[in-house]
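Per-chain residue numbering starts at 1, and chain names A, B, C, D and E are given in the order in which the chains are listed.
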Amino acid sequence: MTDATANANTAPAKQRVTPRGAKPRRRLSPANIMLYGTLFVASVYYLLPLYVMIVTSLKGMPEIRLGNVFSPPVEVTFEPWVKAWAEACTGINCDGLSRGFWNSVQILVPSVVISIAIASVNGYALSLWKFKGSEVFFTILIFGAFIPYQVMIYPIVILLREAGDVLSAITGTKIRLMGSIWGLVIVHTIFGMPILTLLFRNYFASVPEELFKAARVDGAGFWGIYFRIMLPMALPIFVVAMILQVTGIWNDFLFGVIFTKPETYPMTVQLNNIVNSVQGVKEYNVNMAATLLTGLVPLIIYFASGKLFVRGIAAGAVKG
Amino acid sequence: MTNVTVKDLTLEFGAVRVLDKLNIEIEEGEFLVLLGASGCGKSTLLNCVAGLLDITDGEIHIGGRNVTWEEPSERGIGMVFQSYALYPQMTVEGNLSFGLKNARVPKAEIAERVARAAEILQIEPLLKRKPAALSGGQRQRVAIGRALVRDVDVFLFDEPLSNLDAKLRADLRVELKLLHQKLDNTMIYVTHDQVEAMTLADRIAIMRGGVVQQIASPSEVYNRPSNKYVAGFIGSPTINFFEGSITDGTAPEFLAADMKMPLAGYEASQGALSPRPAWLGVRPEAVITGTDVDKQPFTAEITVELFEAMGADTLVYTTLAGTPFRFRMSGQARVAAGDTLRIGFDPAQGSLFDKTTEERL
Amino acid sequence: MTNVTVKDLTLEFGAVRVLDKLNIEIEEGEFLVLLGASGCGKSTLLNCVAGLLDITDGEIHIGGRNVTWEEPSERGIGMVFQSYALYPQMTVEGNLSFGLKNARVPKAEIAERVARAAEILQIEPLLKRKPAALSGGQRQRVAIGRALVRDVDVFLFDEPLSNLDAKLRADLRVELKLLHQKLDNTMIYVTHDQVEAMTLADRIAIMRGGVVQQIASPSEVYNRPSNKYVAGFIGSPTINFFEGSITDGTAPEFLAADMKMPLAGYEASQGALSPRPAWLGVRPEAVITGTDVDKQPFTAEITVELFEAMGADTLVYTTLAGTPFRFRMSGQARVAAGDTLRIGFDPAQGSLFDKTTEERL
Amino acid sequence: MAVTDSGGTESARTTSKKPNRLFKNLTAKLASIPMILTAVVVFIGCTGWTIYHSFTKSRLLPAPDKWVGLDQYERLWSTRRWLVSIENLAIYGVCSLILSLVIGFTLAALLDRKIRGENVFRTIFLYPFALSFIVTGLVWQWVLNPQFGIQSVVQRWGWESFAFDPLNNADIVIYGILIAGIWQGSGFIMVIMLAGLRGIDEDIWKATRVEGIPVWKTYIVVIIPMMRPVFVTALVLIAAGIIKVYDLVVAQTSGGPGISSEVPAKYVIEKMFQSQNLGQGFAASTMMLLSVLVVLIPWAYLEFGGKRRD
Amino acid sequence: AELEVTHWWTSGGEAAAVAEFAKAFDATGHTWIDGAIAGSGGTARPIIISRIIGGDPMHATQLNHGRQAEELIEAGLLLDLTDVAEAEGWKDIVNPTSLLDSCTVDGKVYCAPVNIHSWQWIWLSHKAYEDAGVPVPSNWDEYVASAAALEAAGKIPLAMGQQAWQSSGAFGVINVAVGGVELWNKINVQKDAEAAGGPEMAKVFEAAAAARAMAANSNVQDWNQATNLVITGQAGAQIMGDWAQGEFQVAGQVAGQDYTCLPGLGVNEVISTGGDAFYFPKQDDPEIEKAQKELAALLLSPEVQVNFNLKKGSLPVRGDIDLAAANDCMKKGLEILAAGNILLSGDQVLSADTSGQIEDLMVEFWNDPSYSAADAQAKYASIIADAD
């Protein structure tokens, strides 16, 4: 009986191809053309500005005036890059972006570290050590994510001034938060807190509760569990938080300009100065070079850790 | 000496009362199994004893001390969880020593205790590995080891074997039993697997809706369940219930549908059996087929409706006295659907429950 | 008539060959269970049959058609998943009718088929609910219903009951069995629970590392396992193995440590038993205690090391011929650790395996 | 979950003293002080301060004693620029919400089809998110510039009548900003969607294939409804960004041509600092807050009120 | 001491001018720390003000003098310069006196005016007119008449940046030129809403609408980009303050030869006396205060005034210095100033709030061709009516 069906099946198939093994797939099936076509078109949209930036930054001004934005440079020049980095003028300072770079780094590092440290502890407390009212504070925090920064500038300026005075009174030495890097760090911490806390809370909420209980039985306290158990586990979400904060803080202009002084202006402020200090014609090539230089740090971070980022998002962000 | 005492324990989550004035006393060195359906509050009780939940009312004493408000780590307990709850970033050794380090035990002693636990559990070769590189059974052993190194009096297990496959479960069950014999600690063990409960327990506490239904030795629970719920809960395949009544007369009989089942020799809880509506429970393995049938006080002819050959045994489904009826035969027996068989059992070896209170008679 | 034929099926994930030239033929109306340890390729095989994985080589025929290159929906199969895979945003009715609507089946017919499936599975009251409002068993029933309404010849089940608790699993097992008797479809059922396999299957295919070890009826697999792996895999508690050799002589005997076990009456696969190193497997329930012991061809005196009273049965752990040995006694038997017992069994009812090939002798 | 602060009734018979409720979880409470301060002092306090001062005639400096009632609001709602701003925000908000979700989901779905070069594509779509709005605005201003940008290129190709100069056309300028906004933010949404898609049970896909449901239909009818929480997260993130849109507009158009691309945040800033009319700025920001609340409260209710994740 | 000075002078001519200050100040042994913030006062002012309010002020800062600083002075945040003013005799040397008046609150001087900037100019490109083949006009009416020819030659008749202050400023210039100084004063100083809605003003709005049409093709943002259109001959003219001159200078163009400047659009030759001033936020370090006062005095010293204003293209605030090196346009301005044809600037008479509202209106009007002159005038009148 078995043989019969087998024969019945194979006999007519002698003429045709017997389906066997993997189904042959056409590379250029309509579905694939659609799929890759769409991705390609989308890629053009996303890449176009980067292309324009790079191409323009490598052209000389005369070429820019003549050609269109998309034509590749006839004569590649790195002049604009040099100028943007070291020579472009703002007011009477002609040292380009270089001045802002280290300032940005000096602002970035403590801001990222402190904001993430605080937010991760918040998220941890909110998910594993709930206390009466903790949810209320969290809700307020989330509302805070929606408040336009501009609205808060004025009161925060006053708050920082007062906080500085209070600290001065307590310590007896003159402490100024306003205008110091620490004021800016505080501001970044405050405004990074809602989203980061949400991120960490969701992540820690997804950590098996039994792990937490086991650690409690093992005699670990709030900080013991945080540092010894949770922190090592939360690497992906720390990567996400770090990327978000690095890009956010590095790209920040508003706080950087208000809460710092000229000698500590971050790179974005210098960028704004260069781009907006129009001397005669706009030097688009220098502007583009400056723009690229400013964006380089976050871009590198993204290119380097894109995979971890996606994994971290999957681990923490979408569970809320 | 009682080692763990739970007094009038009440626990509420918001408005929901999960545990209701619960009292249990556990002797030193006793192996108590908490058995019950999902959601009946077993884990909650265990967490209360461990101090991982703030109780609403009542007291908890461990080793003679009132520990109601003490931290979990101060109660002298070790706990093992269903999901193992190993610290994923630490090696096995790190997992074992974490609690001791927290308690600032001297390094040398930590090493010694870890070595001892590793030896007992035979996980020495694994000490340098991370939990991700362990199999389920090995992980569970490490989890037990974590409780072991702490040198505590009371071990709490929350379904420690549920995540393992059947074979491993059986093996670890035996190991646990041996471990208990060796250590002689007090153990409270939550499960909803009755085989585990039956084989491991010195006493089983059967819970339902936050209330303990019966707390007794496994054979007592199995053979003399205190109410219909316990009878139905314990035993696989499930006990058969006949609805009917106890008749008045010289020798008491149970009348189900048209069948008369003699109850001579039934050990009633309250002395004599008085006539009343009742349930009779008969376990599937109490039923006898083959040559010895006619020696049984009750016999009947049944038709096989369905059978499940499970290798060692065969389970036969039929109808008796108008209710579905299951019984067990040897795996070697040959039956087919539609066959007619003669079966017999002794109703007096079964259990009688009051129709309304469902309490054992 | 064969309904599903798998010919020389090979499947590779990258460089890993998961299935290796696998051949299976399944009769119309047969209930085939694929049984094996985790990761042995059961789900992979099922997915190949369903067309959900692109096979590397080989052919698949369903209902006489070569469907190797056909889409899953065109193969005339229905599939039920372990995680149920219900569409959470649709009602039960929506879940059942979604595929039919998509195939443009007329409204009236859809309604009729859904109603029929709901009736068969007794889920009529649930039709308007969303899956989230169902219990695990109900969900699984809906998942089966989804395959049912498609009126297909072949049902594929991938561990459909694994996510349910023990009691529910037992109930649904019986339901599935009855469903199969009613529908008479071909069913291929993947599980790693041997009770399910034993009770449900017409034939069991035992897989290991992508290769079928034995494909036979449950009793055959249980009583005459084709190799040592199958023997050890099937049966709970696990079979006892003695390592030893078959002795030459007039009547063949098995020599393990210092014990001689007579093999008279052993049904050897290849005619006679020739002397060679071998394994002897004896199932725990084949061991007899009590009055009839002395009728057995082999008897011995053992000491109880550990016992597990499981209610209906008691499992005794001991050592025999230098190896750990388990056997089963009635639950009513009273034993204690240290007791000495006389046991007996018939070695010829056991299974002999070649020492090196591990094939059944 | 975890340790809840549901203290019990005082029971006199216990010998061991029950600890004070306040000190329960003390470390956790101490560790939360920065959060509590931020929530209470900064977010609540500053918001309250702002709202209060919106009823005053504050100019350059806050003047809590110059109470003028609703004057600032009356003026606000009779200012054309504010009305235009609101309208722009509405258009921008709705479009960017829809487009971000659609584009983000579509790209994520495409990437999820087990394609070659997923990493490359994903990076391409995501990198703009690393750039600031200032940069984004500048680049797109440049690309959309009619003299050198897309328009001129297409015209040079021979399509003389081609016109695409959103930034210089008051009627469509907000869409020009939208193009840049989407460019910058949709990659992040895509990543979130991708993460969500990856979390969908593989068996669901198998089930639909067995039932012969076309892929597109599976996405629409089965997958999208299953991704509700992911969409909510994405929605919150997008919405939080929309209400704040400011830098982009400043960098790209400075609100022009005319006032056709003004947005509320810009109105607030300029009234507060440039026109030195804090009161007016505060009134405008209070209105913005109000609109946030209108969106947020139902969401918060659904998320936190409806199903307690305990 | 080191003094941090913030300002928003970042374009070519401006930066060169500010460098003169820095050079002179550094020469006194102090250090000038430059805190330039690019992007016009709109970007810079919030920063400056928040820093002053936040208690961490810079040591000196540019602000348009006038009413902007009133509240800061009232709040006691700015340094009283009266002693410097008296010592230096500012009362006598500052011309016109209105400049010092704007710095004076309750008899005390709080700022140091550094230059006079007049909005009242139009700048005409010789090249553009050559290309169009028409003579360079000498007043507004001629210019309007020449627009068609320019357009025919593919030129933009009027170059206009799109920032709000440019729209508002250009309107002010047209207002003075077409409506006259008296009307302007009535509206801006006396806040006469009736005049603002009256028929004379209607003419101004019509003229502005005409100018709007001429500027239709000019789609640059920044003022100096617009100036660049004039410099390169792409546009015929630009209405812009005298700071535009700095751009011509940087481009190496010569007044009268490459470009023509017409004060008051060649109709009403007046100079509006707005300008920049430096304020000195209060510090608690006496050392710094001393340096601040030195800087204040230095800013008005004759030499610095000359060097600065030559570079900046603005007029010096003292009447007692000789600007021999000044170019044609500057000289024209100086003459008008000497003749006393002066006008207060918008910053001096209108609050920032009112200016802001007018800017909003103007930017909309200039950029929306469908916005009729009559509608705009009505709105304008209502703003003036509410002005304070």
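Operating definition for what follows: contacts are C-beta pairs under 8 Å (C-beta built on N, C-alpha and C of every residue); 3 or more make two chains touch, one makes a residue touch a chain.
The chain list, named the UniProt way, goes like this: A = Carbohydrate ABC transporter membrane protein 2 (CUT1 family); B, C = Carbohydrate ABC transporter ATP-binding protein (CUT1 family); D = Carbohydrate ABC transporter membrane protein 1 (CUT1 family).
What you see is a predicted model, and the numbers here were worked out from it, not measured in a lab.
Among the other chains, E has the CA centre that is most remote from the centre of chain C. Of the two chain pairs considered here, A-E and D-E, the higher C-beta contact count falls to A-E. Ranking every chain by how far its Cα centroid lies from the centroid of chain B, the top place goes to E. Measuring from the averaged C-alpha position of chain B to that of chain D gives a distance of 54 Å. Mean C-alpha positions place chain C and chain D at a centre distance of 55 Å.
Counting partners per residue, chain D has 3-5, 24, 269, 272 as the residues that reach two or more other chains.
For chain E, the set of residues that touch two or more other chains comprises 46, 50, 53. Each of residues 52 in chain B touches at least two other chains. Chain A meets chain B in the complex at residues 208, 210-211, 213-220, 224, 228-229, 232-233. Against chain A, in their complex, chain D makes its touches with residues 1-5, 24-25, 27-29, 31-32, 34-36, 38-47, 49-50, 62, 103, 106-107, 110-111, 113, 115, 119, 121-136, 138-140, 142-143, 145, 148-149, 152-153, 156, 183, 187, 191-192, 194-196, 198-199, 229-230, 232-233, 236-237, 239-240, 243-244, 246-247, 264-265, 268-269, 272, 278, 285, 288-289, 292-293, 295-296, 300, 303-304, 309. Those residues of chain A that touch chain C in the complex are listed here as 1-2, 5-6, 8-9, 13, 18-24. On chain B, the positions that touch chain A within their shared complex are 47, 50-52, 71-74, 77-79, 81-83, 85-89, 98-99, 102-103, 143, 146, 150, 158.
Chain B contributes residues 38, 165-167, 170, 173-174, 177-178, 192-195, 198-199, 218-219, 222, 234-238, 283-285, 306, 308-313, 315, 317, 328, 330-331 to its touches with chain C in the complex.
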